[in-house]
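Shared between the two complexes below is chain A, which has chain B as its partner in the first and chain C in the second.
Our next item is the complex of A and B:
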């Protein structure tokens, strides 16, 4: 009994209202999605317009609904702790998605994605940090913007800020800018992709290199379609593993000028900044690649992997509800100063160059087969 | 006889644009023979982002923010104390932790203040139309008289 108690956060009741709110929103959105899909198949005009033309899937419903709620009637204090822990539920969803891949996918798509990620992440980080220094931007702001525009947006800013001793105002500017452009791209890129007839795997790779915030890129890819999501999640896995290396690069680039600190060692940084949960994702890829009858597969009805594949969408839905309810226009209004100029330039350039590169790479190198 | 029915509450943050408000509030307090309560709010607003999806090194980030908030409070208080000493006005310093607007308004509601003085940066271009400054919001919500001081030439 004591052992079980030690696993439960002592203040767990404070998370219940917000988590329930996200669950209710997820339930409503998933059912509207299913109803629209059903009536769209029956050629009901309004359903086809909403589902096919406007792409009103559960992702869009949850994000737009959450944003509207947060920025109109607001999210009460009682709901906030639960909403904040709903967002990380995307993580178990990502781990479960490991059953969609085999090692051949990791080598082909992940390998291509890793090259794209390295080029775009380090290309952006080097360019932003070097240009920042050239134009007199402080090391703190230059460091967090280089990391933030290079990889994983806010996550990278969190990892880098203490290392480069960024000032709170610069952090606020940087986070505001990253959230502003991430939100714009999340809603704009799926429509651009459709208008330009970008294939699903290409779209997945495009958002994985262009959208700065991880949760937002996964939402955009899931919105575009299953193949887009599979490619985006795999390339994103390669991308987030680079967070520690971006921090190490920032430490080296700025010669760690933060006061009173010694430069952290290479391995200490890797250990502290490595996203450990991604190992669960790769563990499931290994199991899926072994093709063991006991686990079945995502398409083998009634098998363990099929069951896991069925529930991943619920993790995503609750997480997306949390993301929507967390997107505050006031947070984005913090965007400003040099961070806004750097962020807007880097985000636009990455979006355009990313599109050109994925079009040149082609669909096949980016398509996930998933094995059986 | 007191010329003002309460003290002056002055918000301090150590920013250059607040200096004009500090000077102005101290002069006014001297002229009206009242005291000044300088309030610094340490706003942990940025801590919420430590829960970002893939954030690593969350504790190091939180520690960094705490250190910055403490340094910022110490700098704001030191800058105010220098000016207050020169002015000879009776002053008290308070530090509150929490959301800036909420804490300022709580202090206004809890204390015996006749006037709230805030510094304000000038606004230009896009930000003017997009944003309402914090000081505007506090002034609009304050139950008493609030005065915004914009430095000359700003």
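Our next item is the complex of A and C:
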């Protein structure tokens, strides 16, 4: 039986300093964003250049600022536990974003996204695992790189690692590689998208299939624009629900047993690995779709969903602060030769193919219409 | 981040970190929903006006 005590770490005070640091950084970044937006609207040249041309908004401020802080002044040990739990605060933000969608969006964009996700996930995973075997990479590293580059980066790596008996060093290499390329793509893709005049919904779909880490892809999409973010979140929701299935696939592909035990059963794996927070996201979509007066909608002034619409960005901001402060150049150097080659190949392939596919699919199938 | 995988020799006690995160996310979102139902204007005012100084 689930108890409250199992939810709260006994040493919870150690998380407070880091969480406060992320809250402060989020507060500062959101206010700088608001200030730049205000002066951009007043046509102040520097503000327009920073805010519009360079897209220097709260996302960029927190990511770049956090990375600079982490890799120059450094983040004291007392802050690190709290910083590590700040990143998952993006999850409540994603749940709350459910008020932006109606069920028709899920069927249209989610359906399109699910097909894209399935093709890219299993296609990439199969290609990476096969390449891994072809080039003599151990099944452990090959398996988790396949899962990581196919599905959802770090989560999939951690979920798959015990199934394929991945060594701790392989896990570190895989995670380092995934985070390295995720970070590079997070900064590079928005500018490529702008240069190629990719529409917002297309960009959202592009990052959702190309960037492997939920927090990073939402950061990239949020950086590009609201429509991009709405599409990215929905497609990402479809993608991460596939984590249990990629674990099952890894078991089948490698024909391995987990540490001498029988391979996990299908339903046990689904139960254990399914990202349950997504159910909250879909629950809010259902509530918004019902168009009930008690909840209103994101555009109904004075309604609960209208109020909730102002909250999610703060969760994202704290999460992005956690991401920035967590990116250590030294950690990313952990990416070993084989992991780096596999990661770079998969990342480039997904980025290029993903762009071609979303351009072919077009904007309308990927556009979220939103609630009332 | 703890990258050590759970294993048969060291089964995770209670919930996995990811499950714990997910449950906390659901609880936090539920609290936000409850507070927004109780006072939407207050929530909007706090997050759009009070916390934004400019």
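Operating definition for what follows: the second predicted complex is superposed on the first by the 359 of 372 C-alpha atoms of A that agree within 3 Å, B and C clash if a C-alpha of one lies under 4 Å from a C-alpha of the other, contacts with A are read in each partner's own complex, and residues count from 1 in each chain.
Everything below uses one rule, namely that a contact is a pair of C-beta atoms (placed from the backbone, for glycine too) under 8 Å apart; a residue touches a chain by one contact, two chains touch by 3 or more.
Quantities reported herein were computed from a predicted structural model and do not represent experimental measurements.
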{"item": "Which of chain B and chain C A:126 touches, first, second, both or neither", "value": "neither"}
{"item": "Touched partner set for A:96, first chain B, second chain C, both or neither", "value": "second"}
{"item": "Which superposed partner A:275 touches (first chain B, second chain C, both, neither)", "value": "both"}
{"item": "Which superposed partner A:88 touches (first chain B, second chain C, both, neither)", "value": "both"}
{"item": "First (chain B), second (chain C), both or neither touched by A:306", "value": "second"}
{"item": "Per-residue touch tally on chain A - higher for chain B or for chain C", "value": "C"}
{"item": "First, second, both or neither for A:240, with chain B first and chain C second", "value": "first"}
{"item": "Which of chain B and chain C A:28 touches, first, second, both or neither", "value": "neither"}
{"item": "A:359 touches, of chain B and chain C: first, second, both or neither?", "value": "neither"}
{"item": "Which superposed partner A:214 touches (first chain B, second chain C, both, neither)", "value": "first"}
{"item": "Chain B and chain C contact sites that coincide on chain A, given as residue numbers", "value": "84, 88, 91, 154-155, 158, 161-162, 166, 168, 171-172, 175, 272, 275"}
{"item": "Residues of chain A that touch chain C when the two form their complex", "value": "2, 6-7, 27, 30-31, 34-35, 38, 84, 88-89, 91-92, 94-96, 154-155, 158, 161-162, 166, 168, 171-172, 175, 258-261, 272, 275-277, 279-280, 284, 294-296, 302-308, 310-311, 313-315, 326"}
{"item": "Residues of chain A defined as touching chain B within the complex", "value": "84-85, 87-88, 90-91, 152-155, 157-159, 161-162, 165-168, 171-172, 175, 213-215, 240, 243-244, 272-275, 333, 336"}
{"item": "For the chain B and chain A complex, residues of the former touching the latter", "value": "45-46, 48-58, 60-61, 63-65, 68-69, 72, 127, 130-131"}
{"item": "Complex contacts: residues of chain C adjacent to chain A", "value": "1, 3-9, 14-16, 18-26, 28-30, 32-33, 36-37, 39-41, 43-44, 47-48, 51-54"}
